[in-house]
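Common to both upcoming complexes is chain A, partnered first by chain B, then by chain C.
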Partner chain A sequence: MIYREAGQFKTSYRQDSAIFPILQDRIAIIFYLFVAFIVIPLFGSDFFLNSMMIPFLIFALAAIGLNVLTGYTGQISLGTGAFMGVGAYSCYKLTTFFPETNIVLLILLSGFFAAGIGMIFGLPSLRIKGFYLVVTTLAAQFFLEWAFIRVGWLYNYNDSGAIEVPQREAFGLIVTGPAATPSVRYLMVLSIVVLVTWVVSNLIHGRIGRSWMMIRDMDIAAELIGVRPLHAKLSAFAVSSYVAGVAGAMMVFFWLGAAEVESFDVNHSFLILFMVIIGGLGSLVGSFLGAAFIWMLPIVIRAVPRVLGLDINAATVEHLNFMILGALIIFFLIIEPHGLARLWSVVKQKLRVWPFPY
Partner chain B sequence: MSATAAVRPHVTEDGRELGEVLMDLRNITLRFGGVTAIKDVSFNIQQGEIRAIIGPNGAGKTSMLNVINGFYHPQEGSITFRGETRSRMRPHDAARQGISRTFQNVALFQGMTTLDNIMAGRALKMRRNFLWQMLRYGPALEEEIEHRRKVEEVIDFLEIEHIRKTPVGRLPYGLQKRVELGRALAAEPALLLLDEPMAGMNVEEKEDMSRFILDVNEQLGTTIALIEHDMGVVMDLADRVVVLDYGRKIADGKPDEVQSDQAVIDAYLGVPH
Partner chain C sequence: MELLYNIFVDPFAQMVSTPDFLLQVLWEGFVTGTLYALIALGYVLIFKASGVFNFAQGIMVVFAALSLVGFYEAGVPAWLALLLALGIMAVLAVGTERLVLRHMVNQEEIILFMATIGLSYFLIGSGELIFGGETKSMITEELGLPTGSTVLDVAGGIVILQHIDIAAAVIAALMVAALAFFFSKTRIGRALRAVADDHQAALSVGISLNQIWAVVWFAAGIVALATGIMWGARSDVSFALQIVALKALPVLILGGFTSIPGAIIGGLIIGMGEKLFEVYWGGLMGGGVEGWFAYVIALIFLLFRPQGLFGEKIIERI
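And now, the complex of A and B:
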């Protein structure tokens, strides 16, 4: 009885077309936002914000980016890490050229560079599918990694080869650099993640999102109905890479503080892909669940034995983490491709009819 | 008997007006490498009629529909649709000009709900740009709701309200066929092509589907070309029938004429050529 839609008659298609047609869902969203914007910054420790919430949100956004491409449009990519890198290096160059401009604006702009590069590497998808497309995106990943090392201009010819985040103020606060507090950086990340997620959600629930899913489910029928594969696929690559690029820029500017090519390597591409698979292909909620799960799992594995008074070394934690992740990925790929998001909606469905299961 | 049946505008027994020729196919020949799927076939489709294409398996019926909606390009012949003659066109131009279709093997978007599948049928009619779509506000939302209203009419018409929010992959085959008809109808086509709309259905489902096809034709005035195996169904539905066998046209006329045609009887009974 907690979660009922009885009595909520949708009197117009406007209401029924809303993204959260059920009142309880709308209340839940407001509740989550309240917790995220007010409760967590007030009560969260620096460790919690810095090592858990900020990376979780950034990876969730990157997972949303990949989900647009893989979950919604059916195009598998192993280049997410590199597209994040394009966002980060673009943002670094933008801050060099426009030191006075608001850094939040620059982060949002840097996504467009990632979108452009993403569209170029998305062009082969018009001709090839499946395995061959994966190989193409992998080539993009390695090519871009090469560029991040070899093109000194990208990191202003630093001897270290790394990009270091300068201190920047915005809205009267120090938001980047070592002097920025975790709660300020957390709030910046959260605001951008909420904004970008909202926009992606709007796209997905409209004509453009449907054209992506049509291509995913049956590209020939989509074309016969009048969807142009060129428009649908390239817009998916653009939106996906934009989102990944913004996530990459935030990763460096609001979390790491400095980065070199290793932060954008193929391992990160896989990490994001696993988040999407475990969270749920074709689900925005799933992107958050998957990122939370994969990011928090090693932290929990480390914490639990300590609480129980057991001695566990770092290598064992790492091995346990890999084993659990591997098993889960196989489980979700075979048993439940809709991932944690489906389990989540099953729970909601149960609550909806509880306590009368029939 | 194999001459083209009368094409003058006329009124049928049940009072529907059949207009002029909507689509005219002339001397169509389609080859796949060495296989000739269609050989020198001509026939036409009149405004407002239900035109059946029948014939044994492999006769070239599906290939014919694929030629009509631009999916296959015939090596010879011409196609005139609404007075415009062409030798080839791309599928999405056909969709733009008002031809929509269903497929012999259901070709729905399995991961999407019934509602989204039928909304997908209106893809060509929606044009709000990316920026508005990002905000889902103002014109984009108005457009979405206006089209939703049309889609709900289709859903009412086909009596599938109860499965509106169900992913179609979870529906039984008969219902999937109905949703696919809905998706084609949502485009408000001038010419509706149905490839074996009743294949794999039980008697009851067939009756429902027949009723929907007749209603589409009578109430919405949509011209329909359909492929069907079941002679009984064809007798009930079709105004005119064209019969194909081994890629050739062997008969063309009113259902009862075609049924008593010796060449047709031979083809259906499998008399060797």
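And now, the complex of A and C:
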């Protein structure tokens, strides 16, 4: 109904394997980027940017990280929260040591520390999988949480045990700390998210990504035709933890401003796993849809009683929130186990062939 | 050298010089282990019968305990509150089967696992909505459970045994015996094992999958209620228990996902192991190691015996 791809012929393999092979899709993505980069910072209120868009983008990035591991490589992980923590703490230490260096560079660097830790805890995945791997990633989660409390060096031995983000400038703007405006922080987050997503998308469509998917679909068969499980699994853990680490560093530096261990606890790991599953395993669009769904829905639910003029206290709304979220997760799993991304593509397909579906 | 001494010599010297303290630590670990084992038992029951890894088991424990205390606080006598709490678990079991499991037959395990996480969110929300978010104390005395403690003179010192802990161990043992009897001697129990073995074959000889699932979820609910009472008697009833319930995972790794004796022995090993480690070695690392030690044991164990102590070895084919 909206568009047809009739008449668009591909004359080379390069065109055929492009990420957006259809002209209208390319126009659409440019339009989305235009809205995200120009319209939203111009017209969005501080509240909208601060408590909706920035966390949405950060969680979407973390979900992409987990999706690389769970969706594309088939290794379930409950350690995402802790890997985000590694990114945040290492970025904090880096900026303590090198206060003059551009903070964006440090955030991108801190992901490598998370990648290293992720690879260490990914080693057991060579022998085990499924729920057994859940336990090893939980070991990572609880061990790292413990380390974030007990190792005082990580938070510069300050009394609160929390890391407080210092003010840093980059590109001539104040980008972190209380003085940074929401729109600047939003643009920083958006740029990093777009950059990392672009890199991950290319990895997934390339040789490495195909080896991940082969391991996911059948590891023994993949090994027989020459994919090395060691390389594939560990690279998936590394990329996944890198992305999670960058997301964690951004979460503290561009959103929260200060963070304790609670920001990286096991509940966050669950939250991100929800985003991945609701959004769709093995889909980058799904990561964004899942993050939007899980993050925006509670905000909407909280706003409903106010809009209707009902007088319900905050705690009750919070409990209702949990119930509705739980029920919706089950509902979505029943109607579409492959997540919002599948739902989205089904709708697109239906619109494409409408009104003559056969 | 001093570090090596602190790791390899000093703890054992302490153990030998104060055996009464060692016994006390072991006993504490034993009791914690029983509770881990009880939680793990609930997981094993459901995993055996339906292949679902029921994440909500920890929440079911809290929910059962909360509804028991909630009914009592509403003025219902203790024995009736117990029955009503059992009734709630039955309703929950049938409801889960009707509204969730029935629609998800033949889905991948991760999808079912996610559904139980959704279920646990729903239970957290509704539990807090109905019973309030604050911690409650368990009605130990009203249920007729012993509360005092016995001081034993052994090994040149004293060991204190809380009566409630002894009761917990006894009840756990009874429950395991009852479940073993239920599984091997009753009609429904045999049907349950048949379902665990092969869904299709069970269906073809006329066993109703839906009925079996409701039964097994109810059995897990009973185990959850018992666990909730025991746990609540030691500490208070609160939603913090859901993180503790995750400890059942390393227990299951040790014991094997499908083995009831494995769950018990795994629970005891983890409970005693982490207490010993915390008391004798934890100080070297700044304390608080209980939070992750169990997972690390499981991690090491996995490298050598992935199927667990009593688990079935799965041979994979292409």
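Operating definition for what follows: the second predicted complex is superposed on the first by the 353 of 358 C-alpha atoms of A that agree within 3 Å, B and C clash if a C-alpha of one lies under 4 Å from a C-alpha of the other, contacts with A are read in each partner's own complex, and residues count from 1 in each chain.
Definition applied: contacts are C-beta pairs under 8 Å (C-beta built on N, C-alpha and C of every residue); 3 or more make two chains touch, one makes a residue touch a chain.
Remember, predicted model here, so these are calculated numbers, not experimental data.
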Requested in this report: Report for A:V134: first if it touches chain B alone, second if chain C alone, otherwise both or neither.
Outcome: second
Query raised in the report: Is A:I220 contacted by the first partner chain B, the second partner chain C, both or neither?
Result: both
Query raised in the report: Regarding the shared-chain residue A:H205, is it in contact with chain B (first), chain C (second), both, or neither?
Result: first
Report task. Identify which of chain B and chain C touches the larger number of residues of chain A. Result -> C
Requested in this report: Considering only touches as defined above, state whether A:I117 meets chain B (first), chain C (second), both or neither.
Outcome: neither
Report task. Based on the superposed arrangement, let me know which partner A:V243 touches: chain B (first), chain C (second), both, or neither? Result -> neither
Query raised in the report: Is A:I40 in contact with chain B, with chain C, with both, or with neither (first, second, both, neither)?
Result: neither
Requested in this report: Based on the superposed arrangement, let me know which partner A:R228 touches: chain B (first), chain C (second), both, or neither?
Outcome: first
Query raised in the report: For chain A, which residues belong to both interfaces, chain B and chain C?
Result: 218, 220-221, 224
Report task. Enumerate the contact residues on chain B facing chain A in the complex. Result -> 69, 71, 91-92, 94-96, 100-101, 103, 107-112, 116, 119-121, 123-124, 126, 128, 130, 133-136, 140-141, 143-145, 148-149, 152, 183, 187
Query - chain C residues within the chain A interface of the complex - result: 53, 99-100, 103-104, 107-111, 113-115, 117-126, 128-129, 133, 243, 246, 249-250, 253, 257, 285-289, 291-292, 295-296, 298-299, 302-303, 306, 316, 318
Query - chain C-facing residues of chain A, complex - result: 76, 124, 127-128, 130-132, 134-136, 138-139, 142-143, 145-146, 149-150, 218, 220-221, 224, 266, 270, 273-274, 277, 315-316, 319-330, 333-334, 337
Query raised in the report: Residues of chain A touching chain B in their complex?
Result: 12-14, 16-17, 19, 199, 202-203, 205-208, 210-211, 213-214, 216-218, 220-228, 235, 282
